[in-house]
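Two complexes come next, and they have one chain in common, chain A, joined by chain B in the first and chain C in the second.
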Partner chain A sequence: MNRLLPLSIVALGILAFATLMLVVVPGMQIRSQSPSPGLLPYTQAELRGREQYVSLGCLYCHSQQPRASDQAPDDQRGWGRASVASDYVYDQPHQLGTMRTGPDLLNVGARLPSQAWHLTHLLQPRAIFDWSIMPAYPFLFEQKPAAEPGDVVVALPPGYAAQNGVFVASQQALDLVTYLQGLDRTYPALPDAVRDDGYAEPDDEGRKP
Partner chain B sequence: MKRNRRPDPTPPDESFEPYEEPRTIPIPVLSIAVALALWGGLTLYQNGQAVGVGQQERADDLAAQPALGTDSGAVLFEARCATCHQPNGVGVRNAVPPLMGSEFVAAAPQVMTQILLHGIDGPISVAGRQFNGHMPSFSSVLPDQEIAAIVNYARNRFGAPHSSQLAIDSDFVAEQRSKYPNRGSWFGGEEIAAVLDTTLPSQPPARSGSIESANPAVLKLINDGRGPAWACSSCHGSEGQGGETVPRLAGLPSGYIAKQLKDYVAGDRHNETMTLVASTLTEDEMTGLGNYYSRLRSPSNAAPSLGGDLERGEQLALEGDWSLDVPGCFSCHGPSGFGVAPGFPSLAAQHPAYTAAQLAAWAGGQRDNAPVALMNHIAIALDDDDRRAVADYLATLPPVPATGGPAGDDEDE
Partner chain C sequence: MSVTIGLLLSLSFVVSIAALAFLIWAIANHQLSATQDNAYTIFTPGEAGAPDDAAFEGEPDTAHGEHHFDVERAGIDKISRLPVLVLLTGAVFWLILGSVFGLTASLKLHWPDWLSGEAALTFGRVRTLHLNLVIYGWLSLAGIGVVMWIVPRIFHTALKYPKLPIIGAGLWNLGVLAGALAIASGWTDGEEWLEIPWQIDIVLAVAGSFFVVPIVATAVARNVHHIYVSGWYFLAALCWFPVLFVIANFPFIHSGVEEATVNWWFAHNVLGLWLTPLGVGAAYYFIPKIIGKPIYSYSLSLLGFWGLALFYSQVGIHHLIGGPVPTWVATLSIVHSVMMFVPVIAVAVNQHVTVARNWWAVRQSVPLRFISLGAVLYTAASFQGSIEALRTVNTVTHFTQYTVGHAHLGAYGFVSFIMFGAIYHMMPRLTGRQWPWPGLLNVHFWFVVVGFAIYFVALTVGGVFQGLAMLDITRPFAYSVTLLMPYLEARSIGGSLMTVGHLVFAFNIVAMLVMKPADAQRPPAPASTAPATES
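Then we have the complex of A and B:
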């Protein structure tokens, strides 16, 4: 170890270069992003629902990042256009996710706008899809002998309905559904929006940048 | 570890520091390093190109949105009017009124503007001949500038020399748009002559009878749901307009809707949510829902969203592509994709995500509920880009105009 100084300088230099390329430059790219036109801040109810989404760990099975058609057939699945950085301006912390055990949810509010559907599906996914492997969330609901004024009763098919009484949605369930209904990034992305375009290639007609 | 059996003849130099002579890097290692560096450089370059392509794609997607208003009147006329009124504006005898020599085109510009904005549903007399008017409303698919461009173009070309040559602008259209905000179609020439321009020649009387109010039980299903069945409107919208992968129902043929509901129950069409809902309905309720939605009219809320090539989509819709053995959509689904009852659903103003997903399902065999396998063959012949192109094009069309009489469902079933 007779050249400690040059070795440390080179090692630190490599670290600094990696930090620059992987942290500083992307940070500068993202920092300048303003919200997409068409993207609204979350409402209070949506923010409460978002907390439920985070704490229930929806992220572990559901991504929130539809891919471009160059990468995955997400547009054919009806999950919407590829998302861009400006779509996540209000997401702190982001819920991008990488696992796709379930479908992508960034545009779930556009394709599944029904509150009643979501309540049924959260209480018992098997009531709708007998093959579903999504966990049920019965603790977000309350079984009551009869609905009181203001209660939201969950529609359930025979076999899943309460033996006596009704299932009523809790405030947490309603907030979570409000958040899911609000997930809608179907407005068009601006041309200068930032995303991973690494898979976009000029097509046969020679469309060039 | 090897040990020297014999001691060294000379004792080692205690102050000696081992060192290594600089040696040249072996050629194979050097070439691998150079190749990696080249690969890295190439990747960076390609990535830079790809960002440009991606931005171009997004710019194209944005340009595919209607509401830009940059097209000229001639281009718009060709794309929007000529399918029915013919490229030379003479119409179709006994079916589509002519624009050439039409008193309505020659009249003050608000007449044509109002007809484009609201459409017509009822008898109308043009150039001495009577027609049963079924004109779609363009208010939800064309911005003010484009309506102004069409009116100016058509009045100059077909209205002269009777019309005043005064051109209108988008402000005029915006003002006309705000005049009758919530009305549906004009009930034929009589109403137009009475409300908009009393100098028009005498017009046939509008059809009598009021719109039959929907069965209250059916309305309750639509708005409130029943038991395990969620309300139809909770997904399909209060006006049956749908969104994304939820289809627009307004204006679909009644028989088509009832058949799909039956197919969901019988397992011939697959969608767990719809199967659950349909299994709670009686046959009468299915028919009632079909009747309700087939008469419902709502403005288009669809827009191209898949980045498809709209020109290619228009070609597929109008002419098809016989090199692929694909007939034009309109040859079965009716002119402008307004549907042909009871078997062929309307395609106009349908959401592109739904249309493309259904085409993919026809191609993959997940959907197979037509009497003949025509749609399967078409969907298989179309590649991914074609499916997106045609789905995006169909979303730019105006929604289905009123068909059927006020009280009847005369074209359905």
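Then we have the complex of A and C:
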């Protein structure tokens, strides 16, 4: 260990090998899959809403990757079937997430389709769930003395309603809700789709799916 | 498919094992030179055996006396002095700001309506500001500062191009500031650890090259034959991080799950191939230097280094276990996570035995106390990480606060503690001054140790309960949220103590910097500018 060049070359070679194994080869395998049949590209409004989702950092509390029933009861909680790589081809940046301070959202549009519900929940989560620790997003709404034509008024229970006038959803709030309503990957996955099957129970012949 | 998977898995594993076997063979047959004599590279002749600590308490002779052997190195330290001071000042500033955002994010988890009026202060942005400021602001700058000071010393060569790092520090600070403003305003690349927009990453990449060039040039021009173990870690880290940073931030290439694998390949390598080598390399220098005796087994350090390179580089996908990634790549990362026991035990034996045989030094020296505790927490964090990657454990801890506790055990308990100790050791030598209130070093130590203990225990215990609740279908999801509340509150208490500790730390440094030289009890550094040379 007296020479600089061999040290650098071997160090970089090891990193290149790791990159091959963790990025290049899995990438080739994932790219060889076609998008899930049933997966639609995002609409313009959904993409704008997705930008809000990314920019507000929803990722840091909500995953978008339900686990398989072999591993966890995600499906039974209504979060949807285990997701597969081809469910995400239109996602950039990806929002798989690593934390569940709140529930998984990959299929939130399927289980909570109501725009009114989402608007109320975004303005004040505790108006719906007293146990929630989700931040309120009042800056996505405007308080007005009275609603004007075209305004989407947010329904709030007594105690949370505006003292004077009404809360009206901004375009950002409407876009974000459109994105959330569009999160629905409940269509069936292809049998050979790529995902981590490491928790699957082996079948009678000892093979995993 | 299963055949391909099996082949790939075995290939990766066989290559790593073969490389390890080759390494052991090479060490046994002295193909790689790393004898115990080489461990003395950090000492000048006659220096070994003399403890080197300006902050020893209660011993007026050492506390106020000039350390004899520093004279021979003064010409070298003098050249690195300004760049290192500039880097460290920036690091401490970002630590304070990053701590404030971290504490805010922690409080917001149990006071969800606090500061909710501004988008810039919403949890998702405050948490992100915390991470980016402490990783790219505090730890990276502090680490580079430490490298910039150690590298000329172990190579017995004055730092080359000493103006470049000063320009680099200015640019880097600008980049971190711009990145923070971008995140606060909602402009983000949207992936964990990669939030700073790629346009701003260009500034950071350019700034980084201003750090790499002087260090590599100093290494090339070195006046010693042997590269000391800290040098392996630092030079490899300086090869790895620029490559990782540029590839991972390159825009518009990946999407979906492929992007997720790039994301976690990068994010875990920031820890494994950047922060860890900076921390371990610093510990390998300061522990024997402060004690005045070489490390326990120099040959073993080879195994620790190459094992880290081989295994740590492939652990990243354990962040996606149970997710929409190929099974084989998740398993590959699990296997390599477990293999990390090999290099970690090698480093642990080396560093802990050296400290344990010289316990008197830990009692006397606050810097050594920080550094050796940091080294112990490296062992702890690595063992925990290896176990956490196992599928049975991961199924509970994934998606919970347990992971946050683990991340802080590594980035805070391990790397930050070593940086605290390193800075406390370096500052008197950089400024030629004594600590105005040496007792405050100890105050800092106990605030962050107690604070972090509360932090870590709360999130670890709470995280396990949270994970078990989420796996239990008889419990509603809400249960996993409500049960966590006392643990989140405890984390805020721990985090507050840590933040107070950081304020004491910053106060110590500012006090030393603004103190009038007349107040300084330590004589000024010798005026000689000639670099000490030795073959």
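Going forward, the second predicted complex is superposed on the first by the 185 of 209 C-alpha atoms of A that agree within 3 Å, B and C clash if a C-alpha of one lies under 4 Å from a C-alpha of the other, contacts with A are read in each partner's own complex, and residues count from 1 in each chain.
Here is the rule we go by: a contact is a pair of C-beta atoms (placed from the backbone, for glycine too) under 8 Å apart; a residue touches a chain by one contact, two chains touch by 3 or more.
Everything numeric in this text was worked out from a predicted model, so none of it was measured.
With both complexes placed on chain A, chain A has more residues touched by C than by the other of chain B and chain C. By the touch criterion defined above, A:Leu112 lies against chain B but remains apart from chain C after alignment on the C-alpha atoms of chain A. In the superposition on chain A, A:Thr120 makes contact with chain B only, while chain C stays out of contact range. Judged by the touch definition given at the top, the superposed model places A:Val152 against neither chain B nor chain C.
Shared-chain residue A:Leu39: touches no atom of chain B or chain C. Judged by the touch definition given at the top, the superposed model places A:Ala68 against both chain B and chain C.
In the superposition on chain A, A:Leu22 contacts chain C only, with no contact to chain B. Of the two partner chains, chain B is the only one touched by A:Ala161; chain C is not. By the touch criterion stated above, A:Ala85 is placed in contact with chain C alone, chain B being left untouched. By the touch criterion stated above, A:Phe129 is placed in contact with chain B and with chain C alike.
2, 68, 73, 76-77, 84, 129, 192, 195, 197-199, 207-208 are the residues of chain A that lie in the contact sets of both chain B and chain C, per the superposition on chain A.
Residues of chain B that touch chain A in their complex: 17, 47, 49-59, 61-62, 65, 225, 227-231, 234-235, 237, 243-246, 272-273, 276, 305-307, 353-354, 356-357, 360, 384, 388.
Contact residues of chain A toward chain B in the complex are 2, 68-69, 73, 75-78, 80-81, 84, 107, 110-117, 120, 127-130, 155-158, 161, 186, 188-193, 195, 197-202, 207-209.
Within the complex, the chain A residues that touch chain C are 1-4, 7-8, 10-12, 14-15, 17-19, 21-23, 25-27, 29-31, 54-61, 63, 65, 67-68, 71-73, 76-77, 82-85, 87-103, 125-126, 129, 131-139, 192, 194-199, 207-208.
Those residues of chain C that touch chain A in the complex are listed here as 1-2, 8, 12, 15, 32-34, 38, 108-110, 112-113, 116-119, 122-125, 127-128, 186-192, 216, 219-220, 225-227, 229, 232, 235-236, 239-240, 243-244, 247, 254-263, 265, 269, 273, 302, 309-310, 313-314, 316-317, 319-327, 329-333, 391, 395, 398-400, 403-404, 470-473, 477-478, 480-482, 485, 488.
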